[in-house]
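Two complexes come next, and they have one chain in common, subunit A, joined by subunit B in the first and subunit C in the second.
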Partner chain A sequence: MNNSFLRISIWVYLVIFFLYLLGPLVIMSVTAFNSSAFPRMTPWECLTFQWFGELFQDQRILNGIKNSLIIGAGTVVLSVAMGLAGALMLTQIWPKLRATYYTIIIAPILIPGVVLGISTLVFWDRINRMLGLGADSVLSNGIFLTVIGQSTFIASYCMLVLVARLQRYDVALTEAALDLGATHAQAFRKILLPFMRPAIASAAVLAFLASFENYNTTTFTFGEYPTLTIELAQKVRYGITPSISALAFIIVALTVFFALLNEAKLKRQELVAAARKQATVEELAGKIKLPSFFAGNMAAVLLVVFAVATITVVGTATAYNPGQCIANVKEQKRLEAEQRIQELRKQREEQRKKREAEEAEQGGDQQSAPKPSNNSGFGNVFAPNTLGGDTEEESSGPETPPSNNGGFGGAFDPNSLQTDQ
Partner chain B sequence: MSAGVGVDLENLWIRFGDFVAVRDANVNINGGDFFSFLGPSGCGKTTILRAVSGFLDPSEGKVLIGGNDMRGIGPNKRPTALIFQNLALFPLMKVWENITFSMEIKGASASQRRKRADELLDMIALPGQGDKLPSELSGGQRQRVAIARALCAEPDVLLLDEPLSALDLKLRQHMRTELREIQQRVGITFIYITHDQGEALTMSDNIAVMRAGVIDQIADGKTIYNDPNTAFAASFVGENNVFRGKIKQVMGNEAMIATNRSGDLVARISTANQGKLKEGDDAMMFVRPEAFTIAPDGTAGDHFVTARVTHEEFEGNVFNIFTECEGGKEIKVSLPNLGQSFEDHTGQNITLEYETRNAVLVPAGELAAE
Partner chain C sequence: MPQFLKDFFNRNGFGMGLAILGLVLFWTIGLIILPQLSMLDFSFRPNLPPPEIGGPKDVYTLENYKYLIYGPEGGSQDYNAVDLRVFFRTLLAAVCVTIFNLILCYPIAYYLGQSKGSHIRIFAIMLIIPYWINEILRAFALRIIFGETGVLNTLFVGLGIWDTPFDFIRNDIALYAGLGYAYILLMIFPMYNVIESLDGNQIEAARDLGAPWWRIHWRVVIPYAKPGISSGCTMVFMLSAGALAAPQILGGPSSLWFTQLIYQQFNDNNDWPQGAAYAIVLLVTCILFVLAMMRLFKVNMGDIGK
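Here is the complex of A and B:
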């Protein structure tokens, strides 16, 4: 009884936790496929791929992605190199100095990115002037500054990752290589680097992601090369469209893809290793070459499902034409608007009748006699105005007959309203 | 067997700050010898090995290999190969790549390397295992791969740093024989570091006994065992019973010591101390457990000890009797099992007899920790 309650609470907790964690991403991804002009999930209008198309026609976004990739690559190279050097230093340095050195190296992580950005800008500007170079020199180039600025703290992250691996390294391996005739460079390249390879790969991925998503530091250093985050931030200032959701969806999909790919690869290595342990020497040649790729490899199965899904979606996207649906939605919206106009008009009519009846009861007041006729005329005209929120001039025709209301339909369409903004 | 390349240590001192790890070591190792440094952990034997292989520079003195001073020559330029205590096989390389790493450095082709690896794998009795990873081998197999890797570099001197310490007893005994065979086959100088006197005695041509950075004695195994120079060498190599006393009278190569508990006893002065030990010196007499025999009751003299038996144990090849002298000092006696019947002496007093030539007298000194 108590036990099952505990189990249920854990499940409830897990569900809430994952909703909290993944919910925003899921909703954002879904909005990328809704034809509504504002990124939202409800009301669901039409399945559309138009936002992806718009995304790839937006030159600023594309340019931002390009800059982000260039800067990301530069940051990966610089940060991993500096991180590896720092990690080697940290493991080989005199123990008494180690704590101090560690603090110094870790400090950039603790310093706000804004400060790093400003200081990078100021520092390199001084250097640039000291060398007597102009404003168009490499030292004041946005890409150079951003790579340098981001690397100041991303290198520290890389170092932490690399130190963790390096601490498991047996220095005797380097000594053995030296003893067998290798130079220090050969020992580094043939023994230490292969050992560090997994950590270097994780550090590189970490550095790239940190660079790709960085805003605080980059905002001071990007110069004429705005990155994707900078472009997005600038865009949001003027309102967002679902094409940003589309971008988010692509990033999420790529992340999931690479995570699955990595998992499948790891699992496969595990399986191969297990197979090797069991296999005798004779079996090794035949058996290992064709390890059944999917046996016991859940990640690989998911990966294939994922790939098939992607192909299906892309295939559908090229063949699918949401035009009819969007037209339907428009028509439906128009009808809804009309219906509401009618309802409103009815209400007004009833009110008017009520009032007339009241006035009739009061009887022989001469001044109030013309009023009812005026009221009736304005009542019809202002009804659409209050609905649409348009200015008065647009629908100034006081005697517009009700049948002409259909002509205003376009003006009330939410889409056209959005574009007006 | 070729003469091989010898190694000499001349007045070698190695210090780490204030700590002296090796104190004035002088050793001549002949080419083609199997030479062991034997001592407890922390005695500086690994330090000597690292100085020979080039990972450490001596603070003073010289390391000579084949007569050439090795100062300033890095480990990758010395004609030595070291087998590490933990073997240090490259975990990401296959066995054959591990073995032929020294050839890869020199730029040999993969086919040459494979060929050589196969030869060496045959030699270490692991044919066809070249494509495995070191982690897929057993302890003994890894051991042999490490030896093959070192031999592949064709060193003049092979240095082994307690390579058998991680193996279980059976495997260790097997590898002792194997190492000795390999050494005799390839005919190069082996320098072997161990704290296991059994390994040192069974394999070595010569042994250096080390204590706290000092080399106490360099000699072949028999001499070390039968004629130790110091109290430490006597107590560290093999089991020994110690009797302390003052020298009462020196008679040529023999001397009589006065002990508190067992009266006057006669012993042979160890060769290195003959002429040095004088009357009145503090001395220690060592008698091996197997050197005692049980004498008829009532006999007494300067090579008899009377003791009370506390307990006995049967070990298979020997029968051990643990006795206590008057003063409470324990004496172990091992009688060989030749099929005779053993009386149970527990609680009784027995008289033990030794031959003078089997009792060794050395100056009083530090004993090896039990």
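Here is the complex of A and C:
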């Protein structure tokens, strides 16, 4: 009894937890397909793909992607190299220095990104001045500064990944190679590097992703080369459109795809290995050569489902034209707006009459109410007509009065809102 | 040449050794230590136009730090109430976010660490995927949800629970949810790593001896997981105190985060030394706070980052 209760509650907890974790991403992705000019899931207007088109025509986003790729490549090279050197140094450093050294190379992970960005900017600016170079030298170039600033802490991540594998390395292998006449460089290239390759690959992927999504450091160092993240941040801060959701959808889809691909590959390797272990020689020759890709491999199944879904979506996108639906919604909005204006007129008329009747107290109160136009957190983001259209939808519900228009509907007297309009 | 350097070159060869040493020195000294020192030095200098830098006016001063405490000279208030309030609010909020994350993540880490099966791998992927999505986009996703015409408000107003939209953004709920959301993985993974290595027999033994489930956690699991818990908490605290994207996107118009003040000093006021001083204050306070907490909970520095 008690046990099953615990089990149920942990499952409920897991569901809530993953809803919190994944729900926002799902909702954001869905908003990319709603024709509403403000990214939202409800009210659903029309299925549309126009935001993707808009995204691909946005020169700033495309330019940001280009800069991000350049900076990402530079960061991967620099931070994997420094991370590998740092990891090698950690395994052979003088024991008394070890703790200090470890603290120093792990510190960048804990230092706030803002601080790293500032210190990079200040330091290289000073070097630049000391060398007597102008403001357009390499050392004050946005790409250089961003690569340097990001590598400072990304190298620490790489170091952690690499050192985990390096600890399993048998130094005797290098020694054997040296004894057999290899030079140190050869031993490094032919023995150590192949051993480290999987870790180097994951460190490189990690470094690229960390560089691609970094904001805190980059925002101080980017100069004239804004990365995708910087462009996104500016868009999100100064005006939200669903084309950001469209980009998010693409990124989410790519991430899910590669995560599933990787997992399916790992799982398959495991399954093959397990099958090898159990199989007899004949089976290895015949049956196991084609172990069903999907058998016991949930990730592979999901991967295929996901790929099919993507193809369907892209297929529909090319064939589908939401023009009629959008026109309908527009027409409907216009009608509703007209109706609303009529209502407002009527109400205003009534109020005016009422006010005339009992002018003394009522009138003063109404006038003193603050002007409740759309001064919400999002105020400047809404186009006025979208705001209007939105309230229409909400007000169509039976119990809501048609008044909760501004951000703080509750704070204002509904009547004053109506008079204002 | 000292002995350990000679050994080092013997072991790696001269060329390789030089390359390793060069990269490590560039990283540790050129990228980590010198920039921090440079920033520290910079924070003690007055804000001068470029031609005057290095001139007679370029002397050390405490002006930038005084500004944080006392505000502009001849100001109307005795203390720089606005900035100080933002500073303490940031620290307090970071602590709250850390505690919230700890409570939220501990059961998950325990569950993932102690149960076996292939579904754990799928859970792990589901945990990692949000972490690969851009920080800005994650904040944007929460803004869609918490916005005044967002999903939550539509839902609750539609169900008739509230009659007017609740402003999550101005009440900072969106901000805290966003900060917590951003660093969940950094809390779970260190805890998961430690709890995974806990021998299930210990839990079994405690259960056989009659301990209720909460005492098993209190006396067996949590003491064992302490290094993981402390590294998770340290990372989440430092990162949320130093977060910039989430407050910029999810913060209400009036609620500033301390990093936003630093950002303003750099980008809007163009007062780099002032910004550097604020950054130093943030960094030093956070480090001292973490060290104090580690002392309080008797955690060794060496356990962090394992």
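To be clear about the criterion, the second predicted complex is superposed on the first by the 307 of 421 C-alpha atoms of A that agree within 3 Å, B and C clash if a C-alpha of one lies under 4 Å from a C-alpha of the other, contacts with A are read in each partner's own complex, and residues count from 1 in each chain.
Throughout what follows, a contact is a pair of C-beta atoms (placed from the backbone, for glycine too) under 8 Å apart; a residue touches a chain by one contact, two chains touch by 3 or more.
Note that the structure is predicted; figures quoted are calculated from it, not measured.
So in the superposed three-chain picture, is A:I311 touching just subunit B, just subunit C, both, or none of them (first/second/both/neither)?
Touch status of A:I311: no partner.
Return first, second, both or neither, reflecting whether A:L193 touches subunit B, subunit C, both chains, or no partner chain.
neither
Identify the partner contact of A:T183: answer first if only subunit B is touched, second if only subunit C is, both if each is, neither if none is.
both
Between subunit B and subunit C, which one contacts more residues of subunit A in the superposed model?
C
By the touch definition at the top of the document, which applies to A:A327: first (subunit B), second (subunit C), both, or neither?
A:A327 sits against neither subunit B nor subunit C.
State whether A:L133 touches subunit B only (first), subunit C only (second), both chains, or neither.
neither
So in the superposed three-chain picture, is A:N216 touching just subunit B, just subunit C, both, or none of them (first/second/both/neither)?
Second partner only, subunit C.
Does any part of subunit A touch subunit B in one structure and subunit C in the other, and if so which residues?
Shared contact residues on subunit A: 183.
Applying the document's contact rule, which stretches of subunit B touch subunit A when the two form their complex?
Touching subunit A from subunit B are residues 53-55, 74-76, 80-82, 84, 86, 88, 90-92, 101-102, 104-106, 128-129, 131-133, 136, 149-150, 153.
For the complex, give me every residue of subunit C touching subunit A.
Its residues touching subunit A are 4, 8, 11-17, 19-24, 26-28, 31-36, 38-39, 42, 50, 53-54, 104, 107-108, 111, 118-119, 121-123, 125-130, 132-145, 147-151, 154-155, 157-158, 160, 163-165, 167, 169-170, 181, 184, 213, 234-235, 238-239, 241-245, 248-249, 252-253, 259, 262-263, 266, 272, 275-276, 279, 282-283, 286-287, 290, 301-302, 305.
For subunit A, which residues are in contact with subunit B within the complex?
Residues in contact with subunit B: 170, 172-173, 175-183, 186, 190-191, 194-195, 276-277, 281, 284.
Any idea which subunit A residues touch subunit C in the complex?
Answer in residue numbers: 6, 10, 13-14, 17-18, 20-25, 27-28, 31, 38-43, 81-82, 85-86, 88-89, 92, 94, 99, 101, 103-116, 118-124, 126, 129, 148, 151-152, 155, 160, 183-185, 188, 209, 212-216, 219-220, 228-229, 232-233, 236-237, 240, 244-245, 247-248, 251-252, 255-256, 259-260, 263, 267, 296, 298-299, 376-378, 390, 394, 397, 399-401, 404, 407-410.
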